[in-house]
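The first chain written gets the first letter, and so on, giving A, B, C and D; residue counts start at 1 in each chain.
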Amino acid sequence: MINHIGILTSGGDAPGMNAALYGVVKTAQHYNIKVSGIKKGYEGLISNDLISLDIQTLQSSMHLGGTILRTARCDVFKTEQGRACAINTINKNKIDALIIIGGDGSFKGALWLAQKSNIQLIGIPGTIDNDLAGTDFTLGFDTAVNTSMQCIDKIRDTAESHNRVFVIEVMGRDSGYIAAYSGLTSGADSILIPESRNDIESLLNNLDDFHSDHALIVVVAEGDEVGTQEVCEKIKSVNPNIDLRLTKLGHLQRGGNPTASDRMLAIGLGSFSVHALLENKTGMMVGIINNRYCLTKFAGVIKKHEISEEVNKLLAIFCR
Amino acid sequence: MINHIGILTSGGDAPGMNAALYGVVKTAQHYNIKVSGIKKGYEGLISNDLISLDIQTLQSSMHLGGTILRTARCDVFKTEQGRACAINTINKNKIDALIIIGGDGSFKGALWLAQKSNIQLIGIPGTIDNDLAGTDFTLGFDTAVNTSMQCIDKIRDTAESHNRVFVIEVMGRDSGYIAAYSGLTSGADSILIPESRNDIESLLNNLDDFHSDHALIVVVAEGDEVGTQEVCEKIKSVNPNIDLRLTKLGHLQRGGNPTASDRMLAIGLGSFSVHALLENKTGMMVGIINNRYCLTKFAGVIKKHEISEEVNKLLAIFCR
Amino acid sequence: MINHIGILTSGGDAPGMNAALYGVVKTAQHYNIKVSGIKKGYEGLISNDLISLDIQTLQSSMHLGGTILRTARCDVFKTEQGRACAINTINKNKIDALIIIGGDGSFKGALWLAQKSNIQLIGIPGTIDNDLAGTDFTLGFDTAVNTSMQCIDKIRDTAESHNRVFVIEVMGRDSGYIAAYSGLTSGADSILIPESRNDIESLLNNLDDFHSDHALIVVVAEGDEVGTQEVCEKIKSVNPNIDLRLTKLGHLQRGGNPTASDRMLAIGLGSFSVHALLENKTGMMVGIINNRYCLTKFAGVIKKHEISEEVNKLLAIFCR
Amino acid sequence: MINHIGILTSGGDAPGMNAALYGVVKTAQHYNIKVSGIKKGYEGLISNDLISLDIQTLQSSMHLGGTILRTARCDVFKTEQGRACAINTINKNKIDALIIIGGDGSFKGALWLAQKSNIQLIGIPGTIDNDLAGTDFTLGFDTAVNTSMQCIDKIRDTAESHNRVFVIEVMGRDSGYIAAYSGLTSGADSILIPESRNDIESLLNNLDDFHSDHALIVVVAEGDEVGTQEVCEKIKSVNPNIDLRLTKLGHLQRGGNPTASDRMLAIGLGSFSVHALLENKTGMMVGIINNRYCLTKFAGVIKKHEISEEVNKLLAIFCR
């Protein structure tokens, strides 16, 4: 039986993490389960830095970006001493279950906890990159896409005023999801992502007969093998007269109030996490596949390296 | 073979209609098919009011709300004379296929066209209410939800400053989808929708011991059997000291730049429409079910009268 | 000498109040002055409900709408007993000065405090209505105007899609400032405000030859003598075929993150308040006139009943 | 007498240019004056590329960023041949007056036109940098500040989640106005601008005892003598353990829908321009000083190299 859930956010922050806290706490309250927030990811588990989470605070902050619990990458958690402290915190506070909001690394890092204690573990996928198997969408992705798209909309205003070419770098270290979605939805002419090849050739071919009579938007994923600087150089080499600008959107893509879609996903997954714990699930990540909540063992939560087929078809027609 | 597609927007406008035009035209261009825009829904078909749609205009306007083609409800289209003019426009302009962006009424109204001409017909579901069978989501719904949610976020600022109770009416004449999504995602305490019963009793019970020590947000769908005025009266009858305010969000929910999700849906469905025409489909609406594009005969495109099971479960825990 | 400032927000909340707290605390910190926040306006002064305000909390919340101190209208403050408690709080906590963020009523209500204690009093004008003498702009006005304008922008999307006439009510119980600014900046065709007459006749004359070939936007201040319902009826009586819709924006205009302009005003006035206290000013409201901070005695802080001449000239050309 | 005004946008685009067109055309219409839009700045004057501007198109686009007239920097305008063509366009179209929306260079470039024709010239200050003498604010500045501020708000979400230090570059090649305003209004800890010195030393001193227990935001103007890369290196040299990130906001600051303040300024200056022409003014820029419209001879429209005194005082307290 579960009386006390601990919850933490780990790794990179993502919009929707606060809404997920709300989803967990509201559902736990429904079953008379206490929830404690653990500050700064695994650091707080080691240092016994817990706060109580009440529903009104979460109703007031579920719409905010970032994470009110703070987050961190924690190396001490890998040491013997760190682990002993973590187990101590769990025992002292009689925590029966731990919900971890973060990425694949954050989930797997917790697995040994289950060996040294009776704790149940559930993960919630929180990363703007949408690069995890076991879920169609991760928390923060829809917000990051909307943020990037709105930035590109703004850049289009000035690009069209001058008929300029813009190369715009969006986030996605190993994944082209943000680039594909933000580029398609902002009417980009070309999108370069790590999952596909030859996009740059196709772009350069199109530029051969570009006469600066309209704007042209090129969206590049951070992790694409051809970096934005190189993209700019190649464009200039094809057509030196092109009026070209480069913008890297950077960390603003990680922040901002979560969208409705991310909040729905957050409270849905948060609520489903508690139900999963009540059904004695452990060592699993919750996710959403084809609009239904589902569970995947932590071992199966690996990085996705493919864009979905439907999106690939759109890229072939719209951006090449 | 299809050489010329006509496209029109009909019925109420919805954010994402311009993005759907972009989706259709970009895909048609890929297959060397000409696309003409028909102004003001069926009115333009009757009066032969056509414009050519070029890709750069659509890249510049796909991010805007409303419809650059304008829309209208057209009674003349039901008359003999009106129909003769419509057929004339189709023949004169050698239009092989018609794509209709609108609701169920707009699709069925066109069916007789297929009897009097060789034209192929494809519908794209465009309505903020998300109340159509044959698709999980309609164009404009995600934007309307985000708009409503952001308005409720703003109202929360002032509600919490005063610990007030707010009753907020959102759109949805027969459907509680906008209310359910915007209420859940804004942390509402109570949501009243036409698809469920007894919500009002549950709300009034909760108010019995409400001590004005926090804000309380009640979201009501326009089409709920208990109107917002009555909701306010019932609240006052339970607890006359409650500091209560009523806001009806109204038509601002129909406008605004479409979200990324609506734009993705729009270009996806727009593109899929052209592919459906190329595969000789006709008399069908395109839709998305479990993340895959699909087709439903116009006869099957009826109003949905149920909230999805997943959302219902959330409502039971979060808002009652 | 001032060692301890108390600060409270009173009356209706307005975006920018949190930024004003930041402005006060940051400046006070510069002079090694302690600042305590008083919760719920004068209620907290009576009940001794004080919190310490640290700079990092304020850096994290200065961008949010509402007021983290909460606000209230407080009748007990007018009673002998209430006043005794308030004086007690001031003495017990050794509060040397009180900064009141609110409207004219909130300032004057505090004047007797100065008679019963040595406390210095400074007011900061916080109201979205911009209806106070002694300052060109009040805290929250620019945000409310931007919010209303953006709502009207959204309504324009759907109005133009259908060539409809919209009557839109914005806030301003006695003042047409929000209506004038939000109407002018959203390209409204007509603006009805309490400060001027005959606007409705001018509107009705224009509608005589209105052929529904474009949208038409009418913005009405809440406090205009012709209410929105009556405006709609008059329009219908001139031209019954007009496709007319009414939207009342309501309380969403009070919330939302403050704009840059409101935040600048807030930190400017907050900072100037502390400097005024250091110069032994008391019983005065800070304000901004012609871009310079200034002081007005509480007695002179009366309601403005005129729109500025520059704005009136624009109204005469753009909206009649 | 003036029967025909030509209007163009020149140099860098700025949000509010479309609203200024609306302001000019609506006022001109009031006096039965025709207005023609000249495409792509002086290029369109040379190539006789004129369009008529009707009020409904402008009501529909006044809220959009960029410029519907397009803009360009035009070298041909400095040649004999180019100038002959420009004069030819003026004569052929019987243009009595030219309104130029742009920066100081765009105004002065037109002065010779007055020597070779009877044309009257009025300039409207359109640049996001707010770096022109003769006006307190330029078109686009308030929007650029709000855009930058909102981006910094988003970055704060992630900065606070990790207690990171962020260096954020905002626009302003020779001017620190955008940096000062967006930094102050987003609660930045430090702001580096070209107009002041020693800011970097003050920042580095503060970092000596920085223990990564909160976020820290440094805003740097593009034109500051210490570039952002160097700022990062200096920070790292003081404290190598600091978790530091750099973001350059870039061109997204030039786009987006204009704020209410920029639209008010735009229609105010647009309207005042027409009135100035009617009073036979020429060779002058309109501006706003202490809330009143005013005129400055083109020769006096030089770059501002100082932040206003009021803002400097705030910087001294809030960001050093």
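As a working rule, contacts are C-beta pairs under 8 Å (C-beta built on N, C-alpha and C of every residue); 3 or more make two chains touch, one makes a residue touch a chain.
Everything quoted here is computed from the prediction, not taken from an experiment.
When each chain is reduced to the average of its Cα atoms, A sits farthest from chain C.
At the interface between chain B and chain C, two copies of one sequence, more than half of the residue numbers in use appear on both sides, so the contact is built from largely the same positions. Separating the CA-averaged centres of chain A and chain C is a span of 38 Å.
Distance between chain centres (mean CA atoms), chain A to chain D: 35 Å. Taking each chain's centre as the average of its CA atoms, chain C and chain D sit 28 Å apart.
Within chain C, residues 153, 156, 160 each touch two or more of the remaining chains. Residue ranges on chain D touching chain A, taken from their complex, read 9, 12-13, 15, 64-67, 70-72, 147, 151, 153-163, 166, 245-256. Note for the complex: chain C touches chain D at residues 19, 22, 26-27, 30, 56, 58-60, 62-63, 136, 142, 145-146, 149, 153, 156, 160, 181-182, 184-187, 189, 214, 257, 259-261, 263-264, 267-268, 271, 290-293, 308, 310, 313-314, 317-318.
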